[in-house]
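Order as written gives the chain letters A, B, C, D, E and F; numbering starts at 1 within each chain.
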Amino acid sequence: MFTLPLALLAGWMPGMMAVVSAEQIGRVLESLERNLLTPIPLCFVLGLICTQIHGGIKIPKELYLSIAIFLLMSIGFIGGHELAHEYHEHGVATIWKPALATLVLGCVTPITSYVVLRYLCRFSIADAAGIAAHYGSTSAVTYAVANSFVEQTQHPADAFLPTLVTILECPGIAIALVLGAALSSRDRAAKARSAGVAVRESKLGEALYEVMTGQSIMLMAGLLVIGFVSTLFMDAKAFQPFYDFFQSKGMLFRGCLCIFLLEMGLVAGERLGDLVKVGPALVAFGILMPLVHGFFGVYLGHLAGLNLGGCTVLGAIVASASYIAAPPAVRLTLPEANPTLSITAALAITFPFNIAFGIPIYFEMAKLVGAT
Amino acid sequence: MQLYPLKLVTVVGETVIMSEIAKEGVELGASGYTLSEVIGHGSRSARNVIVTGASKTMKCEFVVPMDVAEKILKHVSHNYFEHYACIAWLTDVQVVRGQSYIGS
Amino acid sequence: MFTLPLALLAGWMPGMMAVVSAEQIGRVLESLERNLLTPIPLCFVLGLICTQIHGGIKIPKELYLSIAIFLLMSIGFIGGHELAHEYHEHGVATIWKPALATLVLGCVTPITSYVVLRYLCRFSIADAAGIAAHYGSTSAVTYAVANSFVEQTQHPADAFLPTLVTILECPGIAIALVLGAALSSRDRAAKARSAGVAVRESKLGEALYEVMTGQSIMLMAGLLVIGFVSTLFMDAKAFQPFYDFFQSKGMLFRGCLCIFLLEMGLVAGERLGDLVKVGPALVAFGILMPLVHGFFGVYLGHLAGLNLGGCTVLGAIVASASYIAAPPAVRLTLPEANPTLSITAALAITFPFNIAFGIPIYFEMAKLVGAT
Amino acid sequence: MQLYPLKLVTVVGETVIMSEIAKEGVELGASGYTLSEVIGHGSRSARNVIVTGASKTMKCEFVVPMDVAEKILKHVSHNYFEHYACIAWLTDVQVVRGQSYIGS
Amino acid sequence: MQLYPLKLVTVVGETVIMSEIAKEGVELGASGYTLSEVIGHGSRSARNVIVTGASKTMKCEFVVPMDVAEKILKHVSHNYFEHYACIAWLTDVQVVRGQSYIGS
Amino acid sequence: MFTLPLALLAGWMPGMMAVVSAEQIGRVLESLERNLLTPIPLCFVLGLICTQIHGGIKIPKELYLSIAIFLLMSIGFIGGHELAHEYHEHGVATIWKPALATLVLGCVTPITSYVVLRYLCRFSIADAAGIAAHYGSTSAVTYAVANSFVEQTQHPADAFLPTLVTILECPGIAIALVLGAALSSRDRAAKARSAGVAVRESKLGEALYEVMTGQSIMLMAGLLVIGFVSTLFMDAKAFQPFYDFFQSKGMLFRGCLCIFLLEMGLVAGERLGDLVKVGPALVAFGILMPLVHGFFGVYLGHLAGLNLGGCTVLGAIVASASYIAAPPAVRLTLPEANPTLSITAALAITFPFNIAFGIPIYFEMAKLVGAT
């Protein structure tokens, strides 16, 4: 039953490797330099270094949360604004295909992740489903960094990419949690009976609802609508200060991203020690799975008509793993899953890999598949 | 000044379960609760999940009669001790106007 | 003794209704649309929706407090800056009349509120005085939204409006609290004697002092002086970055206002359930009293020589109710007053009413009385 | 290691009254106090007023001899229990170098 | 529901020393600790140094058997009481599944 | 052994006084006015007034910390950016002399401070060393205010001043702590033996490491490198939003500085009551020592080739006292030192003195020694 995705996975990997010629490697390295030696990834590195030398940088959690709120609102608002222009010019003609592709990717990636984790890496049902929930969802900050990257390379992504981020947020978590709950329910029922005590009813429904109405979705989708509506109804001059505030090319967004990445570096750095605990299989998974998912994203994005920047960014968000919405949902529904595994993979392996190496690689992949 | 002998139940555990525990305590007979954010370290603290931007551990206190205390401790012990990082204990306290915290 | 304000109230309402022709209603609706479909009120609506569907948006209280500080500083600083220009050109000639009108309004509105609440709505002395303290004061955020509205309609308010906000902050709270304390003191003395214990001495003096030196006043008045002085003594180029930072038409002010209104929506939404508890009389009061006070404000503003924008904004701030300075002061001095009543009225009824409907209505009122 | 038997008085209530209660505790004989922000729920918690931007409930602890404990509890009970949301209780504690917390 | 009688050691003191005290408590035998930020006032609170931007006082709680409690109190008393603002006390508590907090 | 610095100190003071003619005093007063009547010092004054009248302004500590982080990052980033240009044009030719001068000043000022405090003011070893650690280090905010001042006077400081702030941060604290620990170790050993208990081993090494990897250093030095690297590798257009965000002449930096100084005023105001406790000797020290150190800074800066603005700013940072990095380090290593003394001196005496009077005085000193 799971042979198809396994075969796909086994098929793509060497294929991709073969295709990547020396020239492409050269271009990747050049992209890497251009990408890495900019303030955003460098701030991440500063955070990493700080934890390793036990330095004293402390970002108050309220600053981190405030920046997260601002970034999500900004992604939504500017997304809604550009969607309004796109919609005005082309209706839904350009949008429905990428939206569908994104939905498909949101349903496929938790399953590929689960299959690889359960049958290749031999994790328990709960652990496999828990990690899959993280990789089925997405990381808004990876989106923001990918978007900055393509703007810097003068290949800005299509206008509706933020809409796609919003679409990608939920389905993956939901599918993985339902899968995990269904597969592990028999075990639990048996245990409960033998213990002879009333076991807490499943928190699944509750957790799914919380994911779907979580802060990330509410802010991105909410501000998307607000950006859309106000673009249509306000005159440009009155709209300007709001645009300047939320503008993702603007100083506030870029500057806040620096501070956010610094904190991400601090958090990821503290998890570096856990890399030993989680074992080489998960480390490999945290690097190779994003490459596969990233290629899925780039390829389907290209089929759906995205431009070069758009394919790159879609690849990056499909490749990214959630570390905000997924963890509490998994903790509540699959309590026997070890959170150290999923969080270390998402935060200390996949996130830095994507920021530093993944994004330029997806950019080259996008060129490879012919996006322009 | 009349004081009523009651029990103070203190539960310290992962943030992800604490607001539920507070609510369940009230369902089991507590007239209220007092929650606070703490920084915790214990045998399983590596399992704490909220990665950043929130306190990972919370403390919840209930002032209750003995029977409710038993119920809360049993409930917490059966439902949360196995898979979640938490600890719970009981203290004897003397409560002002304690009658309002009984059987409500 | 209280027949005059009651008669006034009874007189204005139908009068106002009669005057409002079909054409005006059409214009109000158009204003409403132009007002409502902008980011600031839409963020408030997003907050409301979020609470109703139990969504996960959480604004850290420190972000809320920081934005409040910034908005108050900004209102004061830009107010002082524009006051300096006005003063430089006209001396106090244009300012003293509106200032006096505002002071009169600050003394009248707590009394009209008390009378209506005590004798029409039949609240207890403490409850009536407590709510009156809220409606006698003002809401700086309502000012900020009203100011944005008139700027968007190309009718910016007179330069000294922030000064008027500062004048309106205190007197209303003080008058209502003194009234409440005086009227309920006989009761309390009797109770204390029968209980035979030492009762906490009145906290009135302390509470009044705290209102007058509270954060809102200190920041607005303090920055007003700072804005005034630095405008006079600094050269324009050195002044510019400070102006850009605090500028109320600028991206920071407008953007922060969006986040602030989102939080206000969350807070008001949580109070929506209390609407049932407080009863229809208070709901009616929370909508009709602002209309009356708003008209007072618009009319006296026009008599005092304010322009169209100025009359509108003065109407809005007179109509608005305090929910920052008043609640703790009332809680300390009139502990037997039920805070659910006053806070629900100020926050869940009057504030959204003003933001959504009140401001465009005061704008039309201002046109009606002939302001230009 | 000599330990002195003393009382721990804990008061949990609306923020608006807690710094006063802390000060009044010192006036009544406590050598100090320890305040903390908490999240409270009780029979009257709807009355809490600070609408946003501040914790609505605080906890105040005093380590004191019995007579001072009585005074504090009586004071709080008479002056705040009727109109404010609050709760107060007493615990037996053993204090290190406890003499410094007596009669100061 | 079996409960184990153990001791709750509470130390309240200047922030600058509290994370050390928490670590030292674990070295002396506690299985964990619960730290929280508080606002403190006492005889020496003027000595608190973190001038702004941080809570000046913290509270640290250990649930431990008597012998460990003694060790922690002795250690804190000898090393910190002279020069730092702090207070420490002991409470009797009944702990759920208390065996895991003994001798770990 | 300590006669040289004492003689130097005794020599400079009257010398400086004699040189300051009536004309210079006039110019200082004029500078003072131009300096004092600007938003940054006025916000400090507002904070002071607020504490004196028990007003209600409360800056959440997270806002204060966030602004501190932003200011440090900003100083570092813009410093690195300008260092890159300087380095590109002149190599290290212009930089090594001021860097060396700064290092010398960082080693001399804790010793002059210690000697004066121990032998003139008669403080205990621990107290003298503790206070000296504060005066040997520097205050980044004093740097920011001094930098704003010289920019306003159209004499911007040399590009590499932020580098000098970073150099000045640590050595002074380290030297004073080592001095204090060495001189008081005999006492402590004796005491420990008589007490018969195991005394906590010295925390000196730990504390020194914490100072050197503290938040101030990590952020300033880290962002300095990031600013340097990204200036070299990014094209100007992509760099622009980061520059706008961190730009020290920009609205964010200046505006945040206002809020920061307001909080500093609140904190200093609360310490004003301690002025009586600490005695006149420390008050005199807190004013005269900065003048001496400021002159050292200005003079050595001039010898090292700094321009007028640069000499002024170097004077100000040498004259300033640390109140962020030094206090916890001193508290941990010299617990018997009374922190009220050092913090009151650094925060309630020297900081306001420098902000209000010191900076314009160092500016005149810089003109006096011939800087242009």
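Just so it is clear, contacts are C-beta pairs under 8 Å (C-beta built on N, C-alpha and C of every residue); 3 or more make two chains touch, one makes a residue touch a chain.
Note that the structure is predicted; figures quoted are calculated from it, not measured.
Chemist: Using the touch definition from the top, list the chains contacting both chain C and chain D.
Modeler: none
Chemist: Could you compare the number of C-beta pairs in contact for E-F with that for D-E and name the larger?
Modeler: Between E-F and D-E, the larger count of C-beta pairs in contact belongs to D-E.
Chemist: Counting only Cα atoms for the centres, state how far chain A is from chain E in Å.
Modeler: The mean C-alpha positions of chain A and chain E differ by 41 Å.
Chemist: Approximately how many whole Å separate the CA-defined centres of chain A and chain C?
Modeler: 43
Chemist: Which whole number of Å gives the spacing of the CA centres of chain A and chain D?
Modeler: 48
Chemist: For chain D, write out the residues touching at least two other chains, lowest number first.
Modeler: As it turns out, chain D has residues touching two or more other chains at 36, 91-92.
Chemist: Which residue numbers or ranges of chain C touch two or more of the other chains?
Modeler: 60-62, 65-66, 252
Chemist: Kindly provide every pair of chains that touch.
Modeler: Pairs satisfying the touch definition: A-B, A-C, A-F, B-D, B-E, C-D, C-F, D-E, E-F.
Chemist: Quick check: in the complex, which residue numbers of chain A touch chain F?
Modeler: Its residues touching chain F are 33-34, 37-39, 42-43, 46, 49-50, 53-60, 62-63, 66, 151-152, 249-255, 258-259.
Chemist: Touching chain E in the complex: which residues of chain B?
Modeler: Result: residues 10, 12, 36-43, 45, 57, 59, 70, 73-74, 76-77, 81, 87-92 of chain B touch chain E.
Chemist: Going by the contact rule at the top, pick out the chain D residues touching chain C in the complex.
Modeler: Going through chain D, the ones touching chain C are 14, 16-17, 46-55, 78-79, 82-84.
Chemist: Sort out for me which residues of chain A touch chain C in the complex.
Modeler: These residues of chain A touch chain C: 60-62, 65-66, 69-70, 73, 77, 209-210, 213-215, 218-219, 222-223, 225-227, 229-230, 232-234, 238, 241-242, 244-246, 252.
Chemist: Spell out the part of chain D that touches chain E in their complex, as residue ranges.
Modeler: Touching chain E: residues 1, 3, 6, 8, 22, 26, 31-36, 63, 91-97, 100-101, 104 of chain D.
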